[in-house]
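A, B and C label the chains in the order they appear, each numbered from 1.
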């Protein structure tokens, strides 16, 4: 089966890409002026301990360097860092030296997955019918309304929607739905809407174009000539063929949504991986920051692989080639 | 004389293209008897495909039938039917084969299902019967191993094979009328002949009437009982095959005939018709062929020639002011 | 000779009318015209903003902190007493510099790599396209974050960070256009007349891919504006007191219950701006690459 070969090839290229990203990230941060990797930053963090008790200070430094492997040569550090990440052995963060990063991930990652995947699925469920509607009633008022709305949804990023929603439900209609936190179903409503609006726009627009394109094809005329009535025609010949093209847009949309999730989590104070990541970046907590990027990128790559596989399953003409 | 199956009268179709109107079919009339094969011949842009698309409600884009009748089986006017009624006729009583087998089949649907679809739509057969019939049809149109091929997708077929599938689709419900819209144009010459032979056989086996649209005079003379020559959305000449070969009378027909290359005929002077078919932004108010005709006179510019019978004995119709001159020059 | 002459004249006329047609098509799209007006206004404010802003962005008037819109501060003030109207005007300038600069950087990298891959083919093509694929494999926003950490949070560093991660789509577009051009009759003819690779690139390929480039750039600018503001949302944008839309939006979230004006003015201006850029891009696409 070509499918196994395809998956293996894709996994290998994923590993290469992500390793390069990890290595580059590590190096960039290592050599950045205010890096936590440099023990000078560490030193300044410990105030005047250096002068009060130089011996203890030196012990601290050595302990720190040992724990994070900073006394090894740089290529060794890079390689072991990449290897550890690939084997999901992330170690501890700087901010929370006693808590393994893995523990933090276990709490925050499911929230981010729920949010991003949920909003993409919801957007597809809502956007597909809207796109079909716009395509079938092309150039009518309903089409221009939907097209304009989806353009607005696409142009304005999730954080602006989020901010506007906070304004609406915090100031204009306070108390209707919670504007921050996480835990209940109600908490998920506003963040999901903020993430969804843009995606609905993308899906609607793409479905519209794709359906218009396939309804223009010769095989539609053939099916008509067979006497296939309108709705079966639209469904079996139009929509089915445009859905295959639709699948390809899911990949980029998901990538976009993952970034949107990071923003939305920050604005609605949701304890997901996005909030964890931004905190790590702001506090120069390098291990946690790179690990978050690593995990989120892995998520995006995984979904992309699934998308390509389902594309190949849906369109018989596609040969799986990595 | 056999019964009339289809009578088209004064069919007119126009397209809205941006701000202007394009008059594509400008009053076409013809009739087709049961079991007869009628060829509609003309250059691209002569309105021949649009004529049949108009009849079947298959016009794409901003095309609109503005007048005319198309009486089918002496009972219904296809142009007056509601969508639902027309859908019942399409595929069941009238089967259609299109030009390009590469794009005319749904790329993501198994070919067996595409053949079955028409039968199931018209409740012509149960699912099980339709499946068996599909295998028979595939066999009949010359596709080996129908069982295995049933589950194939169009991209796994060559152009000729796809056209065979198209034919199987068109005849699935045993229609009385088969419309073939340039069925061989997109194919290689050798494949063309095979497909024509196949259609010939199917036609004879089932006593189907066929309406064959082609720009290829050779194909028409090989396949048809009667031929209709169209130009500028109007019928220029209509006659039996015999008459056409023996004594074509319209200057356009003559020009068309002398522009075909015949194998082995190295001495014949090959003549291209000067100019190009024109786009009509108003209904023709002079003979459509006026600009390119060697016999043209002031009269041709003033009056549109009517389609009239040449003489009472023959079924030979002509739309030209200059029969005598043409006769003289042909000798 | 005469025939040749008239032909030349005809092509010239055609060329002019092509732009004329594009312009007319553009004008028909009302949203695109509105977008263009707003974008023009935005550009104007970006240039003359510092001269017309009533206050400097560093002027903090603690006595007037958190005051609602009034005659003195028509958009109100924030918690440090910055005049929001002036903040927005200064933000426009920063936003423009970074968005245009970053897009330019991305575009230049993309055009060089895309042309190289397309014209050279072979190993160069393979490597560059692999690179493009990897850039598409992960959200570039994350790379931006990492770059900002190591470059810093000033104007230049952020511009550069966004710029050097955004080139992949340009490279891919240019490569595909070059590939289709490379096999065209025109380039074939030029090559047979002895034109060099570089000559072909600049004289034949580039002018012919200009239309799609213009459209791609028009879509790129609002994209970079979004990324820039998005960096501020997670606290990695322009370091305050440098004013930016992202900072204003991110800050306003904290204070929304008490001081909503801190939110709606920046949010509305920013949203309309992004929309306008997109309307312009969409209008350009329709006008330059009409699809019948």
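Heads up, the rule we're going with is that a contact is a pair of C-beta atoms (placed from the backbone, for glycine too) under 8 Å apart; a residue touches a chain by one contact, two chains touch by 3 or more.
Keep in mind it's a predicted model, so treat the numbers as computed, not measured.
Common neighbours of chain A and chain C under the contact definition above are absent. Chain centres here are C-alpha means, and the one lying farthest from chain C is B.
Spacing of chain A relative to chain C, judged by their CA centroids, is 23 angstrom. Centre-to-centre separation between chain B and chain C, using Cα means, comes to 54 Å.
Chain B has its Cα centroid 55 Å from the Cα centroid of chain A.
Of all residues in chain A, only 13-14, 17-18, 20-21, 24-25, 28-29, 31-33, 35, 148, 151-152, 154-157, 159-160, 162-164, 166-167, 170-171, 174, 252, 255-256, 258-259, 262-263, 266-267, 274, 277-278, 281-282, 284, 289-290, 293, 296-297, 300-301, 304 touch chain C in the complex they form. Contacts from chain B toward chain A in the complex involve residues 56-58, 60, 83-84, 87-92, 95-96, 98, 100, 103-109, 117-118, 121-122, 153, 155, 166, 169-170.
Across the complex, chain A is touched by residues 31, 133-134, 136-139, 141-143, 145-147, 149-152, 222, 226, 229-230, 233-236, 249-250, 252-253, 256-257, 260, 263-264, 267, 270-271, 274-275, 277-279, 282 of chain C. The touching residues of chain A, counted against chain B in their complex, run 216-219, 221-230, 232, 236-237, 240-241, 244, 314-317.
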